[in-house]
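Here the structure comes first, spelled out in structure tokens, and everything after it is commentary.
Residue numbering begins at 1 within each chain, and the chains themselves are lettered A, B, C and D in the order written.
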Amino acid sequence: MRAYRLNGATAPLARVEEADPRPGPGELLIDLKAATLNYRDTIVREARYGGEQRADLIPLSDGAGIVAAVGEGVPQERIGERVAIGFMPRWIEGPFTAAKQAEALGGGFVDGVLAERIVVPAGGVARLPDDWSFVEGAAYPCAGVTAWNCLFGGRGIRAGDTVLVEGTGGVSTFALQLARAAGARVIVTSSSDDKLAQARKLGAEIGINYRDTPDWGARAAQIAGGEGVDHVVEVGGSGTINQALQAVRPGGEVSLVGVLTGFGGDVNTGAILMKAINVRGVYVGSVSDLSAALRSGIRPVIDEVFPFERADEAFERLRSGQHRGKVAIQIAA
Amino acid sequence: MRAYRLNGATAPLARVEEADPRPGPGELLIDLKAATLNYRDTIVREARYGGEQRADLIPLSDGAGIVAAVGEGVPQERIGERVAIGFMPRWIEGPFTAAKQAEALGGGFVDGVLAERIVVPAGGVARLPDDWSFVEGAAYPCAGVTAWNCLFGGRGIRAGDTVLVEGTGGVSTFALQLARAAGARVIVTSSSDDKLAQARKLGAEIGINYRDTPDWGARAAQIAGGEGVDHVVEVGGSGTINQALQAVRPGGEVSLVGVLTGFGGDVNTGAILMKAINVRGVYVGSVSDLSAALRSGIRPVIDEVFPFERADEAFERLRSGQHRGKVAIQIAA
Amino acid sequence: MRAYRLNGATAPLARVEEADPRPGPGELLIDLKAATLNYRDTIVREARYGGEQRADLIPLSDGAGIVAAVGEGVPQERIGERVAIGFMPRWIEGPFTAAKQAEALGGGFVDGVLAERIVVPAGGVARLPDDWSFVEGAAYPCAGVTAWNCLFGGRGIRAGDTVLVEGTGGVSTFALQLARAAGARVIVTSSSDDKLAQARKLGAEIGINYRDTPDWGARAAQIAGGEGVDHVVEVGGSGTINQALQAVRPGGEVSLVGVLTGFGGDVNTGAILMKAINVRGVYVGSVSDLSAALRSGIRPVIDEVFPFERADEAFERLRSGQHRGKVAIQIAA
Amino acid sequence: MRAYRLNGATAPLARVEEADPRPGPGELLIDLKAATLNYRDTIVREARYGGEQRADLIPLSDGAGIVAAVGEGVPQERIGERVAIGFMPRWIEGPFTAAKQAEALGGGFVDGVLAERIVVPAGGVARLPDDWSFVEGAAYPCAGVTAWNCLFGGRGIRAGDTVLVEGTGGVSTFALQLARAAGARVIVTSSSDDKLAQARKLGAEIGINYRDTPDWGARAAQIAGGEGVDHVVEVGGSGTINQALQAVRPGGEVSLVGVLTGFGGDVNTGAILMKAINVRGVYVGSVSDLSAALRSGIRPVIDEVFPFERADEAFERLRSGQHRGKVAIQIAA
């Protein structure tokens, strides 16, 4: 099969030709059709994701394709299933553990999906809706599931709640769409008026340009009315969390998913305490969450689809920060 | 003020002229503008609701109006607020108790809202959205809150879930609308193809005529796919619950709200156990639930609005079973 | 290996000599050391459990032993682990489904643990505390996990809550012990003053003899104080559920686990609704629940341990209704 | 009545003689019998609690006494009730809000309980168990309720869970006792071996001296086994939270209650995210939580009881850091 492997932080990805993997007992062989990129992939490529990492990893976590063969103990009828692959294919359901996390694709020592084939556990995939493309399916495993988990994995938002979504990247765009689908009002922040206009087209009630409004947390609380917003999807990490704590109402929830502005930093723990805020760390989600997220029927926003041959350009596109929605790679027709 | 009082099961309501009530400390005087009817009101009128009941009660639980005066300790600024009144105005928030239930309006010994004025606790009302009519506001306290509590008060439905709603009455219509607003697929049952067509217009994916399809529970499970529907809004009581238990997936939830087919009866407890189903009794909800439900922004379906003078006709309309949505009475302009 | 197989409802179990099972990929071979009996086993033996059933099934669901060999893909280090086996060894974690339920041991077409060896999935077992006997471990998979799931799998009891436990059988005794360990007050019912005395020794605050006190539900509510008990462990099924609904406070929870008095029957659905009670069907639990239950450290009450050769006598003992705690069979030393 | 009022950070409290307060409609007059001190009271005295504050406030939030008179609308039968007073007597139940928080006793502009009498809302008190002293009752409103809320207000601990409790102050000692009562294993940290020995007497399984073991978070995780402790009661604020994040297992919960080491500071948000930890801010709790906490039956640990005349010495004792359990003041016999 053809595949790409990491080749240092700056050099182009190494294009390789390898033997196809073979499904062991309880496993599936997937013919990959599409993959999408996440911010994590750029950090992994620069070997900055933390922990040890194999230098020549096959990158990317998010893929979709067709079941091409099955290992011992898996029913033959599964061949032909159109599926998206779980970000952590061994976190099928149940609570999060370090052991499940260790199997995240395209990081550490686990090869990812930028290849023509991959082997995963039989329970590690979720069926695609019949009329979805593989690119659409490949958009969900990391960003879509993370957004889903933020909104529905904790206390769950309710119709009429107000949700503050930071930014317009992959997780944030899904969060905006899913929150709207669940009947919530959505406030979005960005440094770009263009991106805010785009967000309003997707259903955001109001956009706040955080360059013009440095105290955007207080502004969001004011827009929400009452004592503040019910839920914040916090993708900025410690650089923005204090604004999130300002925005949220007493007793509200902040989902902490992002690392865009770095790990660690000064956090207003007094606000967490005095406002009795729930700060919930979200690390993607299970294959069961992936199935549930796909059932929402929300079609992802796709920015641009690059052919397999131009995979490096897909990374460029993501790094440019100009993308809107998911950057994708078509692996096969 | 003018008001109506019960006058036996069959005679017209007694129209009376009485002194206005006066707000005590911590209370509000409400100028009532609109009321709506629920099935409960017909049972109360026939003295069949269970428990002792005052014979000449002011009927109806669901009303909306304007704060006209405040008692000691309540800020003057509240005068002029446009509000819906809680079904149990002393169940402001927190857990359900018998003490809170005892204060339900328009039943037992507690006068209701078919009058020009009523006194309620300051915490017993929820603000109406500015652009809503009083009739719309008066549609929510019993049926709207019950539907809200079914869908969001227990485990909470999630976008993409499948909800089975029995019938097309007040609670059921709200449940259909709220479930759709929350991104769920909805299956509706009725004995009338016309009503099913109406339900589809409100967003139901599929209607099942239970006359044509006596095993409608199994049919709903089949339509839902997977192992059955995620949630049933069970309004029929014990006459239909066994079909609901058939429809719901293992581990799913049945909200039990109705008494249409009587209290008690044969229930398949074996199915509850073997399918690990959660059967959740729902008795309306708190004033806090009323506020949350109004925040959903879902406009109620209003069947017909009768003037105060023709209140008896509103009861007739409800009893006819021909109504679609809420039957209302305009108390004042 | 030696094993027993069903041989009709009344004849002694058939003692057989068979080839050892072999662990496939992802599986464990367990050398069984002990098994215990549940009421379900007597119904299965009489072919009254519902659904189709293999006539010559190896009976019993609850066993404990030592990992003797591992299949492909399972680390060799697991050999030697002392484990209890999950009632449904493929319900490792996550939500309950019919597919997981279909794998319950010792019922339908799935052989059970009354044998010297069994093969189960690698995730289908929970480690025993080091100082526990195999008999103690074998007491948990059905009755202990069911009790655990009742008390901790739903809303969860809190220190100071009042729990009503019906009867003194396997699930009930575990529920009494676990509720006490969690700081709850416990009320127990029985028809035997001796058994009530025994229950008080295990920490029950009060015993109610339901023969002397036919309205034991109301009596339990009165003892609890406030508006009734917080939680009922309902093992009697539809014959007793109306008393349970009487005992529980408005907004309280009834865990429905039992079938002792039959499937189906008249249920006061009006009480479920008017008191907003949560009736939660509990069908045992997952292997993850088994692990959690074992972590409680609560040692099970063992009635009598029969040697493998006298397995029929263990069934007799259970049928006698004279047992207190679990009836066990020692399969090997 | 006699009372104390604040008199600057260092001067003795001002002893005053004032008119008794009078209960308005819906209110109770309480004859205070005992009060206890919290760390918050020392910060309030030094005017460092944040926000504006009345200079001559009656200090202390935690009191217990007897209902001496009732205002309009409150049943006469309540006179004579032995009660503890809620920390925020208008947070009776339901969600936390800023409005409820603003009524916390003994801070801001709200007089506290270091007086012979106080007026509170009729719903703002919880009944004491009959055989409890007023000092015991006065120990609960802040520290006892906070500990209760940490352990039972979020996901709730379960028998067999492992809880890490930081320190041996008021909240921590309650947390230790309540976690033990609920069947959890408890690990305690302190800088004093004496205090650790004391904690073990109260049921802690293991004490860690954080002076000797600077990486006490990792040590606690190791003691817990598995992937770490299930729950941390984090009283140290941002100075210790990174150790707490180290101790807790992936998917575990950290209750953030303390400000001992200051508001704000560097927090490892990367750990919150990558381990999917739930950090839950806890600000005391409602009167309903107070009732529930008292129902646990756990008798508080009382350090020393000072007579009303020697109130300043009670503050000294707390500031000394030598106390074990609650420092109390007997206001009347």
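Operating definition for what follows: a contact is a pair of C-beta atoms (placed from the backbone, for glycine too) under 8 Å apart; a residue touches a chain by one contact, two chains touch by 3 or more.
Computed from a predicted model, the values in this text were never measured in an experiment.
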Taking A-D as the reference interface, which entry in B-C, C-D or B-D shares over half of its contact pairs by residue number? B-C
Is the C-beta contact count larger for A-C or for B-C? B-C
Chain B and chain C: spacing of chain centres that average the CA atoms, whole Å: 40
Would you pick out the residues of chain C that each touch at least 2 other chains? 95
Mind listing the chain B positions that touch chain D in their complex? 24-26, 71-73, 92-95, 286, 288
Chain D-touching residues of chain C, taken from the complex the two chains share: 152, 156, 158-161, 178, 181-183, 292-298
What residues of chain B sit close enough to touch chain C in their complex? 50, 95-98, 101, 154, 227, 237-238, 241, 249-251, 256-259, 263-283
